[in-house]
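Look for subunit A in each of the two complexes below; its partner is subunit B in the first and subunit C in the second.
Coming up: the complex of A and B.
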């Protein structure tokens, strides 16, 4: 049993890299419909004829009743926060995600506190996971009313929806 | 059920952060040899194997190719199962299926993980498969890096756990301090389990509270480690179990269900209808089915100990409710009363659970194994000080929506 163990006392490491671009996806056409909607500052979902749910972003088959969801619906820019988490102040050199330090790469400012949220836009029966903008960690709460924030000139990309901000009603 | 089956032997390795002294095969062989010794069965008597680890996490993609040689089982039928975090639960249940169906008389089920074989403890190889690859195609639709870094961590079990915790806190009234209590309990229990990883005798909730916040509501002290380790069980049919083992752990019920994806994004980039990822319908359905098979009508009275898959403390709380051990939203009150302690009314994870030891592929099999030890009365220092009639073992994983529930007991399930 201890054959290899006797020969080698420790596991060994080999330096190398892995090309993550090697994966292939067929992709989905309904994501294209969603980003086409973002170009016109519209949030598009799909309606299930079985349970009546409107799911944003759109999908082809309902996850619960497995009916085809061919009909598209536009939901409101206004919505409600259903869940949130709060990051500690982001520090340089502390985190790496897929090998990227977000501060070093200039994607997130040093010291920034991020508040990722789940938002249920009015008319939707699903959450969208995005970022709370123009607010503070003290302000955020479940049930908070928010509205979608789009970039100035949407180009039909997922990044057209920057996040949500507090809504005064 | 066609026929009864029971666990007649259990084996594990010591779990730690880095088992650099062994290869994966050697690690697995430690657990399998321990299980065979415990069962007093030789590999010659074993008819078949069910094996599994989390696909890719160990950096070795085809472990079934070499494992047979290392545990003395060349030429025997091997079934490999990989269902994400639930792998061990599925491996255990695969073993039960094989014996209960009458296909084989004695089966060894083994599951493991060796995070240290990957440079970033599972992240490099594993998460590429399970999380990143899932949303890579979103780059094709202009996903911004800021949004990716801030939110797409929800695309894996660790990410969605933080949101689950917030949902549970909101609907139950539980606070972050209760997570400190669960984590401290797990560290203390682990200190009584010689195989566990994060052992901390006399750990208090205050000790946990002093650790850094990772992302509110979680602290460093709340989170499971990445462990190297393996576990194995020997499963036998009724005749053999009665002959070989004085006190086998009978399989009374088992079920696994999945719900819609729980990661707030379906594989195709669409949304999901699950508004609350701590709803875990798969767990409720699995528990109901497994209890019905076991003839259990009131789990709050009839289950004596639970081994719950809980990488973070909030999961012990809401999964214990989904398993029917406490009323909905009330588990944290039972926690405050000490009911989930080893000597409590409903001990949860007396082994320390996944919160103290997480060798991912192995983790859910360990729940079955630990529940088995409690039924067999062989849990040594972490044996619960009461008669164990029924124990429930739970596993969670898949696309954070797939659950296994297994009920073990001191007598076989009633015949139907």
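Coming up: the complex of A and C.
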């Protein structure tokens, strides 16, 4: 008996593409304000005049109160891990971040294990998605106290905030 | 209809090219203004229905980041792709089902984020039409215009007169985009040629726009406002794809209108409806739409414009707001027509107000050569 697979006939196909070119998304001021803050090693959030919640990174609209959050707040460098993920060992040629293989580029060592975390900085009511540095998968836990790690010379870019590291209080 | 449903508030953004604000900011302002116009708070809204297109918005599931701006946080929320009249129909059904009483309906397209005509090319059949590569939405409409004009001996001047009328009306509407109060037929016919016989002033400019309205069940509507605008009838119909269709008539619109008329108890739309707001994406379409709506015999839409019957002071004013030719924020265009029709009933249209409007028709369309059509009949308390 022949396999069904052998009897399969290819359907005729035509080449197609979906080239809709570049979008020009309308920008906003929140991103600029946030990175301007990073340049001074400050973590900027937005304050809702309705519920008083502070959202880091800043957002313009509070969905809860349906109000604008025009006020900006600076929150602490210290915070608490609210959740974490432990990555599998990073292998060369397996991952790409914005088109770059981090192992090939020498950013991450082959076989390294990364710990992406959600951190709630003191004074904020929202989580920020970043990475745990100078620690290990064995040490990380929910409720772990951490502090922000900035690059030595911040330039006003998202990458100015490198991640967080354990805080000794 | 078993349950009566009314429009109790609405708002529109100012339609412009390249508004320098985020989608969320623009939507937030308009939804907030619509709630304010109705005099209610977000907390009183049960359900939110939005209309946009993932491709025009440039993101998949384009409503995920919009929910906060549109006031849908922790509420029943849905999105329809395509025209805002589809979202309105959906919102209406939510209330008719008896499960919701107050619904926000929102529609938007910021067309300046990308060339929308580039997107519409991908609406064409990928196996045949796209392979040839010559056809696009404007070329297809040029084919339709030529077929229609040839079959019924419609002169170019009659088509140009639609642009002249609508763009002059637009000059009276502070919100719209292309305003040309002194435009002449000659100027339209001398404007840049796109695809013969379609010229620059016979198609809308590229527009950013957001609009929103608040729907309510009869009971709630009476609590919210003393000037509800009732939805008396609705009809919607989808036609064949381009190649198998009789392009010289909008058959799906005829069917949609017939449904809406029957529901509203309208026998003679010419006499019983006071004003028409229609989505004419091309000037020739307004003539075809007027025929499909039963205002003129087949091929005789030209008579209406030539005799001035569809002008601001005509017997059956069409598009006193300036219509889609003056501003076409694609997914918001149909819902804008509904809002403009509601404004006429509530006598809030200011400079382009038609006197004594008690019943109005609003029309939305989507697809190449107006493939899908939706008609709403609105009425005030009489």
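Assume the second predicted complex is superposed on the first by the 141 of 169 C-alpha atoms of A that agree within 3 Å, B and C clash if a C-alpha of one lies under 4 Å from a C-alpha of the other, contacts with A are read in each partner's own complex, and residues count from 1 in each chain.
The rule is short, and it goes like this: a residue touches a chain if its C-beta (ideal position, glycine included) is under 8 Å from a C-beta of that chain, and two chains touch if they have at least 3 such contacts.
Quantities reported herein were computed from a predicted structural model and do not represent experimental measurements.
Contacts of A:122 after superposition on the shared chain: neither subunit B nor subunit C is touched.
After overlaying the two complexes on the shared chain, residue contacts for A:82 are found with subunit B alone; subunit C is out of touch.
When the two structures are aligned on the shared chain, A:66 is found in touch with subunit C, with no touch to subunit B. Once chain A of one complex is fitted onto chain A of the other, the partner contacts of A:104 are absent, as it touches neither subunit B nor subunit C. Within the superposed three-chain model, A:40 lies out of touch with both subunit B and subunit C [touch as defined at top].
Contact with neither subunit B nor subunit C is seen for A:91 once the two complexes are overlaid on the shared chain. Judged by the number of subunit A residues each one touches, B leads among subunit B and subunit C. Once the two complexes are overlaid on the shared chain, A:11 sits against subunit B while remaining clear of subunit C. Contacts of subunit A with subunit B, set against its contacts with subunit C after fitting on chain A, overlap at residues 18, 20, 23, 25, 27-28, 59-60, 62-64. The part of subunit A that touches subunit B in the complex is made up of residues 1-2, 4-5, 9-11, 13, 18, 20, 23, 25, 27-28, 30-32, 34-35, 45-46, 48, 51, 53, 55-60, 62-64, 82-88, 97-98, 100, 102, 105, 107-108, 114, 116, 118, 120, 124-131, 137, 142, 155-160, 163. The touching residues of subunit A, counted against subunit C in their complex, run 14, 16, 18, 20-28, 59-64, 66, 68.
Against subunit A, the residues of subunit C that register as touching in their complex are 19-26, 28, 32, 42, 55, 58, 67-69, 71-73, 110, 112-115, 118-119, 122, 126-127, 130-131.
Contacts from subunit B toward subunit A in the complex involve residues 20-23, 25-26, 29, 33, 70, 116-117, 119, 124, 128, 132-133, 136-138, 140-154, 162-163, 166-167, 170, 212-217, 260-261, 264-266, 268-276.
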